[in-house]
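Below, each structure is written out as structure tokens.
Look for subunit A in each of the two complexes below; its partner is subunit B in the first and subunit C in the second.
Showing the complex of A and B:
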């Protein structure tokens, strides 16, 4: 654990693991020396990575045993290929057997790796199934979203299956990414080059305000670690049975009617009654969390 | 992809080395994996690069590395996505230093 600020956004997957785990506690499964590289990328004559873009292993966080997976957003956009997906799935299956205190998923991914098409899609569905099996075995899964690729596509769904979603404003969470929406529906629907709009709509603050992220932290790996420690001692549980799911569905319906015709985060800040809606993007996570807390106390 | 292996004479690394990885395979970047090899008098390097036709420059950069560091007895594997020579040198240095197991 470092006393100096480390930008989570800028850090590599390995640096994030080192910052979240207790010093020296991380043990990697399928390490780079085993060269479990993608056969699909090799067949396409594209560069491979020795870890196929994801680091998996065991560690302790504040002395408690956890399993960790960290996607490397800079390798093919953190996209999930066959080997990459199998490593995450295997880790979640191990969690169901070994019952650590939690699984930490450090998500940084645009979704399925298009080079691997069906194998990547299948990998995502296997991850979802293994994640829910781990939860059913009593192991909570926490997602951490604060990297350059955010959490989109299949990994956006995986993130929302987690018991806790810990985000920074810099991280983004969604299903279709901004470029995909613009390509399919046109620039009038979503201008993916308008960076401020992209963050107002998919960034951590809006996700926190809408309840999709459970904790908002600053872009500092120490804050992500502190949130992990807090979640380890007291965490939200993902909806598990039919009654939970119906309640979640009802909450979504209420949310939809509370924000009709809303196209932008800014309109949500106004509708929520935040004191200075235009200033929200620049607020620290502490100040923003405080404002949200005050609003919920008034309600 | 272009692939080749080079074995260079190098001073023995001496103390035990641990496996180390530096860098990420992304545009203009590369990863360097350092492991223990067989022959303490040479450094064996395997290069996989997406940029074709730069073998001479690779050989110059790697020879410079083998001269500057006691890299004998090490086996190095590289996955490259078009890094410049300066970035290659930096990653080689980082991976070598990490392999000594001392915190930098």
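Showing the complex of A and C:
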């Protein structure tokens, strides 16, 4: 654990694991020495990685045992292929049996790896089932989103299955990336080059305001670690039984009717009654969290 | 197969009250003396938040109605071009709606409902992930298509020439569209290749098979046995340590 600020956004998957875990506690499963590379990338003459773009293992955080998976956004956009997906699935299955204090998923992924699209899609479905099985076994799963690829495609769905979603404003969470929507529907629907708009539609502050992210932190790995420690002692539980899911269904329907025409986060800030909607993108996470807290106290 | 003729073929005329409402389909049906619930998407739906909530709401109604009694099997119909592509849907968190649907299907499974998906028409990407792929068994009906993305779009994104992808697609089930490729990889349990045959009896047998694997995810193992996915099962078990 370093006392200096480490940008979570800029850090590699391994650096993020080192920053979140207690010093020296990380033990990797299926490490690079085992050379579990993707045969499908090799067949296309595309570069391979010895860890297939994801680091999985066990560690302690503030002394508590956890299992951790961290996707490497700099390898194929953190995209999920057969081996990559199987490592995350295996970790969640281990969690259901070993019952650690939590599973930490450091998500940084555009979703399915197209070079092995079918294997990736199936793998994400297997991760979804293994994740819900781990939760049913009593193990909470926390997602961390603050990397350059955000959490999109199937990994955006996986993230929203987690009990806690810890984000920075820099992290983005959604299903279809802005580039895909622009390519298919045109620049009028979503201008992917308008970076400010992209963040107002997918960024951490919007996700926190809508209640999808449970904690918003600054782009500092120390803050992500502090949020992990806080979540380990007191975390939200994802809805699981009939009563929970009926309440979740009603809340999702209410959100759609509360924002009938909304297409820009700015309209969400206005509807919430934030004092200076235009200034929201510039607020620190502390200031933003304080404003949200004051609004909920008034309500 | 179009309109309600599909449901006549599956259950027999007069043995179902499945209603098609735009891109949403649902209703009760019977197989012999067993009541089943049909829920799904229709007419190559682009699944948006409203459709996702309609599916989830219906799953919750079935689970609630059967609580304390005999949980009905649920037959999901997947006919989807994928998720709706829209800035508004993204802003409202379509991924969260899909996660909610997945949780509802998982609740149904944990509550004792057998779950089976029939792919009718197309099953693409996010629209298939949300509910169809979470069932304990998946059947591809004749002429069903399954894919993430077509090869031309894939060629643009991966910057690999289309001709090369087409050649490789013939040898590898890993990225080429096709229900048969998903069968080889274990994600489609059975291919129904002909519209002939006794579909109600076949469906009954599939539901019995779904019950046998309920709660287990056998897809990676099946994919290895069928030679379509060699590493998923081995690597997952290595990490799981079991």
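Following the convention adopted for this analysis, the second predicted complex is superposed on the first by the 299 of 299 C-alpha atoms of A that agree within 3 Å, B and C clash if a C-alpha of one lies under 4 Å from a C-alpha of the other, contacts with A are read in each partner's own complex, and residues count from 1 in each chain.
Quick note on the criterion: a residue touches a chain if its C-beta (ideal position, glycine included) is under 8 Å from a C-beta of that chain, and two chains touch if they have at least 3 such contacts.
Just so it is clear, the model here is predicted, and its values are computed rather than measured.
On the superposed subunit A, the positions of subunit B and subunit C stay apart, so the two partners fit side by side.
Once the two complexes are laid over each other on the shared chain, residue contacts for A:50 go to subunit B alone; subunit C is not touched.
Once the two complexes are laid over each other on the shared chain, residue contacts for A:205 go to neither subunit B nor subunit C.
In the superposition on chain A, A:16 makes contact with neither subunit B nor subunit C.
After overlaying the two complexes on the shared chain, residue contacts for A:259 are found with subunit C alone; subunit B is out of touch.
After overlaying the two complexes on the shared chain, residue contacts for A:225 are found with neither subunit B nor subunit C. In the superposition on chain A, A:173 makes contact with subunit C only, while subunit B stays out of contact range.
Look at A:75: by the touch rule set out above, it reaches subunit B but stays clear of subunit C. Between subunit B and subunit C, C touches the greater number of residues of subunit A. Once the two complexes are overlaid on the shared chain, A:215 sits clear of subunit B and of subunit C alike.
Shared-chain residue A:128: touches subunit C; no touch with subunit B. For the pair subunit B and subunit C, the model built by superposing on chain A gives 13 Å as the shortest CA-CA distance. 46 are the residues of subunit A that lie in the contact sets of both subunit B and subunit C, per the superposition on chain A.
Of all residues in subunit A, only 29-30, 36, 39-40, 43-44, 46, 56, 82-83, 85-87, 89-91, 93-94, 97, 112, 114-126, 128-130, 132-133, 136, 153-154, 156-161, 173-176, 178, 180-181, 184-185, 189-190, 201-202, 206-207, 210, 212, 238-242, 245-246, 248-249, 252-253, 255-256, 259, 261-265, 268 touch subunit C in the complex they form. Those residues of subunit C whose C-beta lies close enough to touch subunit A in the complex are 49-50, 53, 56-57, 60, 63-64, 67, 83, 85-100, 102-104, 106-107, 110-111, 125-126, 128-130, 133-134, 146-149, 154, 157-158, 160, 164, 168, 172-176, 181-182, 185-187, 215, 217, 219-220, 223, 229-242. Note for the complex: subunit A touches subunit B at residues 12, 14, 31-33, 35, 45-51, 72, 74-75. Residues of subunit B that touch subunit A in their complex: 1, 19, 21, 24-26, 29, 31, 33, 35, 48-50, 77, 79-81.
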